[in-house]
Amino acid sequence: MSANGLHPSLEALLFLSSDPVSAAQLAEALEVEEEDVAAALESLESDLERGGRGVRLRRVAGGYTLAAVPEAEDAARRLLAKPRTPPLTHAQAEVLAIVAYLQPVARPEIARIRGVSSDSAVASLTERGMIEERGRSRFGAVTYATTTLFERLFGLSGLDALPDPAQFDPTPEDERELRERLLKAGEQRSE
Amino acid sequence: MSANGLHPSLEALLFLSSDPVSAAQLAEALEVEEEDVAAALESLESDLERGGRGVRLRRVAGGYTLAAVPEAEDAARRLLAKPRTPPLTHAQAEVLAIVAYLQPVARPEIARIRGVSSDSAVASLTERGMIEERGRSRFGAVTYATTTLFERLFGLSGLDALPDPAQFDPTPEDERELRERLLKAGEQRSE
Amino acid sequence: MTSASQLELDLDVFQGPFDLLLAVLLREEISLAEVELGQIVLAYVDHLDETGEMDLEAVTEFLVLIAALLELKSRLLLPGQEDDLELGPQEAADELLARMLEYRRYRDAAAVFERIFEREAGVLYRSAPPPPELRRAALDAAVQAYEPDRLGSALGELLAPPPDPDTAHIRATVSVQRRLGVIREALREGSGVLDFDAAFGREDRFTQAVTLFALLELHRRGEATWAQKDTFGPIEVRGG
């Protein structure tokens, strides 16, 4: 079957499924080869991008799913009476970044990096479903990891799609700058 | 705005609404005249009929809704017939235990026992078909009960096959005492 | 302005702004072992009180710094437990810098996360149950995926008496002044004598830390003395 021939069934399945579905699951349901599904997904994606359509194909949390176009957000929120979820606080964002890159990570390690106890941010992220308990460290502390909801909320196809952590590595210039900043007061004083 | 210009937003709104919506509701959300919406709906309908698409516009009581094309039904059954069973989060396990042992149980009661709002866990358990709305409490709140699917997924022959709570708690309880003790512990938790 | 760099310090070994203290520490002009970190915290808390402002970023940076200084100092003062971790002043300075750089990395990542979250909040997904005729099929195909004991143990946890209430949200109200009041009251009740450990009670760690600073402050003002008869024995706080 040509890539286009699969479009209607693919669109129907993605429309019906409320969770992201993998190409393998779609291939099994459609009783076709996975590579055909992959090709059809690609052509469906570009069809949807071409404009005039209200949905886009997105790759999130290890699967494919349809999402409404962002232009419709305001009207959708009016229709569904659904307010935006509150933004992340700085503390929540820091804890989330630590958990995302170091998972599984124990609470004391999060506190050590941030220099402050992070219990309340950990609790609200857990309640918001973005992180969850995932086993224990060898010292017996509960460890945390991100959830698939986190990947959905951040539009990530998976954890390997997190922003490249190397971009946050301090450059030697950053390091020199920080050292200099700390030393600057001393220089001024000794002048 | 031309009928075609409204297509993307209109499609997005119909895509997002799980219930049928009227032309008046759509017009209000889109901040346009109802007759423009009516015209756009008609042209969207014929676009969708033209083929190559996985959804159709349906007029049902209460308004308009999108539905998957019938040709995809077999594939959809194959895809959705397998209930997705990701591991339960801590919050989901707690909510499920409360509903299983105390059913029917109202949402505010679940929140009181857990000491935190449990809306997102209730929503995902409902979504996965493990619990469902079952009547109302005498205060008018929706009450929840477990489904047959829940019993199947836990390999239970019936609700009387739930593990005896006494096994996890020293004192045996009848159901009313169990509810009272859970509420008491919950109140202490949220103090 | 709550930036720690604006903080003027008046310590036994050092007088001047906090920034400068960091600089001298980094240049090893004085040893961390001689610096009374408790006084820096007290000065900062007073400074916050005076300005009445709260710049979260500045306060966080101060906390990261002071936590790192505390840990480094405790390792300087208690060598031997982990011999390979014994730190000279240069290593301590390097580690302080490393700690700040590590925190910065996650602070920068957090800023990116906040932007992604904000952008993605505009993307809406459909969340509707499949039509009834498709849902029915799911039941026939369902096989056991979960253990019933998971429910039993979740219920058992909910029945268990709750742990001590989380006081994280009221931390900000703990002040040295208030802890001073509590300790003075306890001294009065105990006719001028108070067991050191009892002063801490079962408070959370932050309150305990502030309590320690309050005890140090009483000592500094000459309001109380400490006595310990045996090594590692109980410490008595006596009102002066």
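Going in written order, the chains are labelled A, B and C, and every chain counts its residues from 1.
Just so we're on the same page, contacts are C-beta pairs under 8 Å (C-beta built on N, C-alpha and C of every residue); 3 or more make two chains touch, one makes a residue touch a chain.
Just so you know, these numbers come straight off a predicted model, no measurement behind them.
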(Q) Which chain has its C-alpha centroid farthest away from the centroid of chain B? (A) C
Q: Mind having a look at which chain is the central one, using mean CA positions?
A: A
Q: Please compute the C-alpha centroid of chain A, do the same for chain B, then give the distance between them in whole Å.
A: 23
Q | Rounded Å distance between chain A and chain C, as computed from the means of their C-alpha atoms | A | 29
(Q) What's the distance between the Cα centroids of chain B and chain C, rounded to whole Å? (A) 41
**Q.** Sequence positions of chain B contacting 2 or more other chains
**A.** 12, 15-17, 68, 76, 80, 90, 127
Q.
Residues of chain C that contact two or more other chains, please.
A. 124-131, 134
Q. Given the complex with chain C, which residues does chain A contribute to the contact?
A. 15-18, 58, 65-68, 70, 72-73, 76, 84-85, 87-88, 90, 93-94, 96-98, 100-101, 112-117, 119-120, 123, 152-155, 163, 165, 168-170, 174-175, 178-179, 181-187, 189
Q.
Under the stated contact criterion, what part of chain C meets chain B in this complex?
A. 124-131, 134-135, 137-162, 165
Q. Which residues of chain C touch chain A in the complex?
A. 5, 16-17, 19-20, 22-24, 26-27, 56-57, 60, 63-68, 97, 100-114, 116-131, 134, 166, 168-169, 205-206
Q) What does chain A use to touch chain B in their complex? A) 4, 7-19, 21, 25-26, 28-31, 51-55, 66, 68-69, 71-72, 75-76, 78-80, 126-129, 132-133, 147-148
